[in-house]
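Following this message is one structure expressed as structure tokens.
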């Protein structure tokens, strides 16, 4: 069934394969009046583009976005915004070999089981290139959220077992680290491990953390469309993510009520919480604190070491995956997590506008 | 907006508050022909009922389910199944005090912010009693999945910092442990800690693990309606859940590709994987292995210790929450996780029936 | 699949069969703060209740509604409102005969084909009693719309071939006519024909017209969620409706552009249209004029005349349907059309709140 | 909010404006294994293309479709199919005048009210060109339905007040008539009237009829997702449609039960109905007969006669719309109705696959 549309009233619909004509997205439900152009979107796409550092595949892909609809005189019109990035460097010959077997950790086998066959070129629809559409749509969401004083930003919290030290981290550092780690010492150590893993033809995983600040309280729809539930879905839908947590996350499991409860406090007439183990969400509704979530990213499954697997004929074989692949997905996925979180938060912010008759009246009393 | 409906074609819509007339659920999209009666549903509800052990609140609530529609001559008719559990022991007087302040870790503040006021009796809609509807609907899903050879079961993996040892665990043990821990030694140790925490007027958290076995490969709809994405949403929508992971989960973050990749192997013509770090899902699609997921459950926020908070007038105050509350939510939440996982898997199983024209033709060639 | 939920963010989910425990509805997404009680709902239900006049079945059904959740201290809380009408006069024996054959004009055959069997008592889920849930939910919608100055009302435009004369019709007359016709002379003439048809053991059809006044311009979401498209679905989903039209409706087919175009005119700074052939909707968006729609209602299919049909064994047979049935459905369906129109308009009104960033800002600038 | 996606599991998402880069559609949920290429789609697009006859605007638009994704080795892969028709002849200067006023019968005013401003070039998103996406997506649906023995075809039933005589009509004639009327005599008479209206700078309306044959019984989901309800929405969402009816349609209003009921009859073991006033749908579910629906199409609102209207400054003015416009929309809209009906039927056919456990088992017993 259709599974390429995300969101209820701010929606993105993505399309495209790694080696088809291009990767695209239709953003529908974007409110009218946002100043938008290709440069604004490109800025985000550049952060997921390959070839930026030695830790990402050196394939040169320009990944230039074109806006095809939904903008008039520099502003969104409220109608669908179609965006496309044409594929430039499809070299189908590189991928012909993988047509015949199932790469461990990839979706080759499950696509074949589900659909009967698959576009095997570069992973087809299951390629990481699919996230281009997410990032372009998320960029629109982030730009809108800014208009409401809401900021969304993400970074690498841990890479290859090296975690940042919060006391040494700063938001400014994020862009200084090739790994998008806000603690530059941790970044250096992680780089060393990555160098070693590259020599061993191996790959590494990590954790991405995302913060949404400036959130008004009251966003999220109990009991199934809770803000955390939709964030979990949004982030878990990104390839390579195997876990999602909010606030203290899995840490709550060996915590106690007296530690984990966040005391409410009033400071100069402003409601806040002493701690933020809840990660800004109580009962599935934003509480006005920063929303904090984390995603666990698995190591790149494409490694050059010899691996055992099965071919389409059902025979046990050994393979060595050719070509250069990212030894780590985490840095390039940072902006993808940001995009999915932003799209979710915007959609739910909009949905929260109908919670109360008194506030709705304010809206309609023009 | 409406947030009380879950699922696309197998849907549950829940309603009810802790101290209203009752808690109910409408299950819509249930295929016709399933033998169903109240006993089958009650079996599941009994597992979440309070008063079963000394680790759950001693309030006596019968929680007897009534089926009101959708069954004829003992079988589902394909029309909506309405089920209700009437509230018996609403003592609104117990809760009048909490009307005026915001309990830490609860949704009191966020409901007030969102809706302008709240039904404060027993937590109203944000009460754990809301999960009765989920369990009743999930029970229907589990019964249908059995018809297709799919089993769903869950248990406490960790409680109050005590984790099970897989080598000592067995599925039979689950029901022998008052904490639903399949390793009885771990269960004993966890009980000891809970006893201590109860004396300290404190509460504890834990981890629930859920296994879905017998899954056919090919279920899950890239790129947003992936099986793992929907499971994450389903489980994160349960109150008190702060994290969800699939397979190796957060463990992938400090693992390497050579360790984390699951090698495919052919055994006597049957495809399988040597390991199951993927937790049965590759590219968002079931791969035929067991699906394994875990949920982190926070400690019960209602504790009798003195806590600081803010009242509706915006004053900093100190409170002590009266009444007996579960020192741990985990055991009673086990069947809730099971229910939400089952509803998700059934919905996605149904949706996967339209993936291929050749298989669809088989269906329509009557 | 699930088909018993209507609406996107103001949702109703109905359940129940003619001869089960009752008929119910869960209204979800109702904004908090509306004063609501059972009397308000009952007023609408009484208009569709049988036994009101000699043109409706004399079965006595009290059809008293109970609100089970979602209200606290007399106001909606923003959480699901469950409402139920328990069935009182189920006499299953009356219906045992129809179990074995397919009544012409009824859904007996299609239910059997779809689900393999059916609850044949009184039509089961396909009974007109199903509309109780719609009316109860629609009543909530109408009450909310009133808060925004929007009124929804319907009446019988034509019955048994007698159409009202607009120059003789007034809104006050509607409730004076046993057929809910606003032209009392037409009502008398229609009554005469109905009397005759009843003697002939026959039944009649008609047309219901619904007006929505006070609509702001700008409601409706091109290109598929247009206001008229959703109204058409809402109304066509009512049993017995075979056609829906907006404004001039089918009359446009032999009209010309110079006649059918509604000229815009400015009167004292207020935008309006000279005529309203558009029925208040242009390009799928409300234009600020009254919305006018009509539904064609078929004659009651249950008639006492001898009819030919087929039984479950596949044999051609002749039947005479026992029991008293409404000789005309139209009057009782008036409030159902009103309910469905109101639910649709409210849902779309809410959805229109995110069309523009500048207006959204007004909402969030608290 | 997002309104450019249609369908539940077979979905189309359209984008594009009359004078933007192009018009496109993403078809998601298309099952894998259908042989598909651009020629197959183009065949349908050619039927809505302008410049075919003297009754459509002579603007030359090639409207050539490109498939950008979702096809591999000539077959659908089960992933989104993106299709685009680039705009060739956008001459924005032609439309600069209409920026300042509201054309009667058009969506200029409602777009301005809803979004604050509009892309006025050629009607922007509200242009008839928007239907290109619908036709391309509908073509995919029609091709899939063929695989299941289901045919969808439409034609002009009435034009400018001239209706076809069923006894003189044949399916073969449809393509012989420049107006797609299956009764060629009626077609000639309608042409004469159109000629006259063109001289008078006026335009005409009509009725399109659509037949779906080969439908299995059992498709449609009570009580809101009925087959007729979704068809009504689908067709009413097409610009210029002001009414939809099924089977006898508005004719039921002055019919009687004894006339309108369709008797079931068994012929050589095959169930059928003596008449088809129901239009193939009973209780919202297909009954195995042909599905028959009709749509009322309003006269083209763009006419060259002097018209009164209001400009953006709120002044009453007189206008004459420049440029050549279709004197009649009906013939070009025939394939659009066909497309929307097909997309609806396919979606609902897929959804009907989960109605019964016994049939589902057949599917999963591979």
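Every chain is named by a letter (A, B, C and D) in the order it is written, and numbering of its residues begins at 1.
Please note the rule applied: a residue touches a chain if its C-beta (ideal position, glycine included) is under 8 Å from a C-beta of that chain, and two chains touch if they have at least 3 such contacts.
Only a predicted model underlies this, so the values are computations on that prediction, with no experimental measurement involved.
Common neighbours of subunit A and subunit B under the contact rule above are C, D. Using CA-based centroids throughout, the chain positioned farthest away from subunit C is A.
The pair with more inter-chain C-beta contacts, choosing from B-C and C-D, is C-D. Here the CA centre of subunit B is 44 Å from the CA centre of subunit D. Computed from the mean C-alpha positions, the centre of subunit B lies at a distance of 38 Å from the centre of subunit C.
Subunit C and subunit D, compared by their mean Cα positions, are separated by 26 Å. The multi-chain contact residues of subunit B, meaning those touching 2 or more other chains, are 1-5, 8-10, 14, 29, 32-33, 78-79, 114-116, 125, 222, 350-351, 354-356, 358.
In the complex of the two chains, the subunit A residues touching subunit D come out as 1-5, 7-11, 13-17, 20-22, 24, 26, 28-29, 32-33, 66, 68-70, 72-73, 75, 77-82, 84, 114-119, 124-125, 350.
By the touch rule above, subunit B contacts subunit D in their complex via residues 8-10, 29, 31-34, 78-79, 144, 147-148, 216, 222, 350-351, 353-364. Residues of subunit C touching subunit D in their complex: 1-6, 8, 14, 102, 104-107, 109-111, 113-116, 125-126, 130, 158, 160-161, 197, 200, 202-207, 217-226, 228-237, 239, 242-266, 269, 271, 274, 277-279, 282-288, 296-303, 305, 307-310, 314-316, 351-352, 354-356, 358.
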